[in-house]
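After this come two complexes, each holding chain A, first together with chain B and then together with chain C.
Right, the complex of A and B next:
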């Protein structure tokens, strides 16, 4: 037998091995860190020290991890929103705008309703109105998708820019309802005290940036995971995602499935915005506009492979990159915060490439000359 | 006075349209091969920032444009490697390009944020032509690249509809299995056109930087133009020449808020007027999705579908 050379052979896997589920995301993160390291080195920042600082400021120090959990709270929501739509092959990228609307809707409830309600009812109603506002913001793209087949990708995205200007209008462009009337400084009107939660202290005397809403977000993830596993609805969406034709032959309504999934996705992102009102902000705060948690939610969802429980882990990971990056920006050797976004993008690109290894068994085989 | 401002608005609309035409030409060429690259916004930003950085250190506009084009080729080949090579989800990969491009451009652009432009692209001096009333500023008041862009749209249309490689390109988007059976390489055609498309997108960003922007500012430089360019592809029903009219229309809607501000028209707050380009784009998309319009549109049939031989 004469060996002619080697070639890469791909074989589709029947079942995904357990190890690949863990290895692919871990390797993606490491590979992204290497790419980020190259950019850091090129711009004169020692990569290893920068990463150690990032680790300390983002995860291992007390304020690092509590800041991270606080930031992860809305990110879990936008991640769940993206995962919920993407697993149905509905590529809504409007989480950013729905989150702003959730903030507006939540603040409205917090100002108007909460005054007369006890906290036990006021806080949930803020979250509920945030969800409703988020769902309302995706209603038009959802209707267009289900009825006319308009691509939800561009329509949801365009509405992000509209939502951004809407928040700016409420705070900077008008003396309206959401604007604080007591000061000429442009800021949001504060919601009632009963609509706000106090930060967790984690059994210390310190005040942190983590709010009890973090557990609400985790609970949402667990409930979604469970519901989509056991319910008829979860089954129908899974069938539809695999094969829309099969679903239609089985009598499922594609218009209902598409529109309901998109509406729930919008509501989840909206809750994320409302959690911002209940927690750190307490008002409509344009500060949220600069963080990009909606877009990051898509990365989180993709890295979690649209698994709701994994979304929580991915969100904490990404929030840590962000809080760590924030700390680096103001350190002695300031590293632009954009490095966190570069890392996010790179993680997603590598995770996508890793898909191949998850779905296929990749082996290097020797090509042999046929013996006749 | 006022008529003068509206004249300038028309001229500016045609000028902005240059970016939109270039970016959507890139997207049309990419999508005709069956690959959808949603990363336009990130590509525009990367083209703009790399162009700026190169021009800043060398002072050479042509080198800056060349490097920006090369960056587009590199970035889009990452997209091609993931989607054509590894058959990853094209939508998610495109979104990753947006996020990666946004972050990286911000990272690269940090040191030069707010710096004045080292070089600018100026309108051509066309002598008496530029002095003509109305036609002068609107038609003859532009730079070389604007005219080349209009010519490129014609060229792309000719290529796609009148040449053999163009026919293969369209066939690859509609029926890759047929191209494959005929001995053509679906993967190669998709790679090449994704890279050419990417080059056009970053060139669009670099042109915008030098011709229209005042300074590098990640948040404000492109401001969603990449997404409008993607909507324009649908508007143009994947035909280069139809993108021209749409680009002027969208360019006009992008320019009007500034004009209203200049005229001190305050019937609507500027933040509300700033929503219009996006709402108009959305409205156009909706009109185009009515069943009647869809029949006339003709998107590439296998758009977004990876091609695997022997499957099914």
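Right, the complex of A and C next:
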């Protein structure tokens, strides 16, 4: 028998071992760091020190972690939005646009309603209107999907561009309602003070970029996790996701399930945009357009494997890479932001690639010449 | 009775293919335990056994799809190592799977050459079609090489698979449950093809759990149970009862009981039901009455409207005309939930994928047709699942096992248990092909369950 070489052989695992659930993601992240390290070394930056800087600026220093949590706040919402829809095999990628609309809707409520209300009511109403606006933005794709079977991927994606231009129009293209009337500088009209929250200080004298909305986002994740586990609604969506035929057999309405899931998804992304209003922005702020937190939500949902609790962790991990990467840009030995983006991409690729190892048993086998 | 071990290369032809001590494990089960099997040239050798007996596993080992942990595959007297079905093909071994592996949008000819190594960049379509036509001619496989596979019937698709195997030069064909999807006349056609193939010296392994048909076609029958070979008989020695006992490992009662039961009031009635689907009349003026304590059968070749009738009664389809009454409540147009509330239970033909949610646990599947409140009561469903598993001897690691991991018979038990003994207490049952694809032992259980429900005064 002649050994010709080795070949990778894959077999589907019948049961996923418990250890793989932990080991695979950890190894994925390490592998991503190694790949990123190669890029760092190639561009003349010492990988280990750069990573330590990144860790410090993204997670372990006081300002690092508070910046990260602040950035993670809307990201948790868009991540939940994506996870909520993807679990039902509805691939809405409109979180970006719904988030902008959430910002617009929230700002509207903050300008119009909040003045006469105490903060305890004003802030929730801003979030509520953000949710409504986000849901409204997905209403047409949801209706098309549920009634006519139109692909939600295309319709939600295209509406992102409409939303983007809508924000630009409100701030740069017109002297409308959302534009600050007190200055000729193009910026948004500020919402009432009662509709804003002050940043958390975490028992220090320092001012941070984390807002109490972070805890609202975490609470949303926990509530969704619990609700979808114990409720009939969670049960029906799980049946539908597993087998639409079975759902039909049991008398569930696919139109209701599909449209309601999409609407809730839109509302979650909208809340994320409204949190931006309540927290750092205080107005319709085109600055949000630069960050891409809606699309990042899809990545976060994928990393979390659509688990609502894991979305929180994935969002913090992802936001940390972003804030840490930003900080490296302005350090003594500036590392281009592109490297941080490479790292994010590598984390995602390896995390998704790791799925293969979780689901399959991969072995190296000798390829032998078959003797006939 | 002759055991497999003592079977030698007999007079019918030289030994073409053999398995020697093949062992294949899957997590939690030994699918094949030291299995010996051999196949002579020009022979039809049937592997018979219940679902989960290890027949398909053995066939998959023989064609190179699975690699066994121990044992050898011997072809023409030499040991061969098969790392993939492609290696199998190189040795002239091809398998036709129970679930076809064809591209719906391709034509017959395109599917036949799919995956063939020696394809030129531009397909020599005319040449391929001519070759395909020659094969269909020789082996009596009527097919139009230019037909699009998506438009073919199950029987025709199977012929495409067989033609594909022959086109690739297969000398040994492994047919996995080839008759499962076929109507009786198509089975006859398949059998004549099998005979034509053995006539020219090709060998066929016929994997089946249907006793009746294998006796006709086989030169030899090897029975498997629980991953082991339990016996082997030659043509002419085959006795249906004896084979059945080898399959299930105990005495069985093949003839269903026809107990006299008290017939009660009309519980289900359908009158002048007329259903059109996509402009075609599926049901025309159907009248049906079923009384309590009575089982009424609706028979016919598949595709003649039995399924539509069942779906109308179950409330899944709304008829254009006519009425359906369940326990005195009109249900037509009230949806599946309306029909259930009136006291109807429905066991659809497609177990996994319609009757059950395949990735969900037994426990969660029991919740499917219950009335559910805002919060789901998983605790009582868990208790119910445990009771069913015990009472009906459902073979499973536990109530949280996904139903797709159950064998066909055990999945059907879960489904029947839910519909028969549902807490809601349905009094009318609609059951579609409840024994399709099940082995003898499971068929017996299904019949017993239905008899029991009938005796309890339900209308079926």
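The rule is simple: the second predicted complex is superposed on the first by the 345 of 372 C-alpha atoms of A that agree within 3 Å, B and C clash if a C-alpha of one lies under 4 Å from a C-alpha of the other, contacts with A are read in each partner's own complex, and residues count from 1 in each chain.
To be clear about the criterion, a contact is a pair of C-beta atoms (placed from the backbone, for glycine too) under 8 Å apart; a residue touches a chain by one contact, two chains touch by 3 or more.
Everything numeric in this text was worked out from a predicted model, so none of it was measured.
Trainee: For A:107, is the partner it touches chain B (first), chain C (second), both, or none of the two (neither)?
Mentor: neither
Trainee: According to the stated criteria, A:304 is in contact with first (chain B), second (chain C), both, or neither; which is it?
Mentor: Touch status of A:304: no partner.
Trainee: Thinking of the overlay built on chain A, is A:142 touched by chain B (first), by chain C (second), by both, or by neither?
Mentor: A:142 contacts neither chain B nor chain C.
Trainee: Quick one: is A:317 in contact with chain B, with chain C, with both, or with neither? Answer first, second, both or neither.
Mentor: Touch status of A:317: no partner.
Trainee: A:128 in the overlay: touching chain B, chain C, both, or neither? Say first, second, both or neither.
Mentor: In the superposition, A:128 touches no partner, neither chain B nor chain C.
Trainee: Which partner, chain B or chain C, is in contact with more residues of chain A?
Mentor: On the superposition, B touches more of the residues of chain A.
Trainee: Quick check for you: in the superposed arrangement, does A:257 touch first (chain B), second (chain C), both or neither?
Mentor: neither
Trainee: If we count contacts the way the header does, which residues on chain A are in touch with chain C in the complex?
Mentor: So the residues of chain A touching chain C come out as 7, 9, 13-15, 230-232, 234-235, 238-239, 242-243, 245-251, 365, 367-368, 370-372.
Trainee: Sort out for me which residues of chain B touch chain A in the complex.
Mentor: 38, 78, 81-82, 86-89, 91-93, 95-104, 106-107, 110, 218, 223-224, 227-228, 230-231, 234, 269-272, 274-275, 278-279, 281-282, 285-286, 288-291, 294
Trainee: Which positions of chain A touch chain B when the two form their complex?
Mentor: That would be residues 39, 43, 86, 91, 93, 144, 148-151, 153-155, 157-159, 161-162, 165-166, 168-169, 172-174, 295-296, 298-299, 302, 336, 338-346, 348-349, 352-353, 355-356 of chain A.
Trainee: Within their complex, state which residues of chain C touch chain A.
Mentor: Residue positions touching the partner: 26-28, 75, 78-83, 87, 90-91, 314-316, 335-337, 340, 346, 348, 350, 353-360, 364, 367-369, 372-376, 378, 405.
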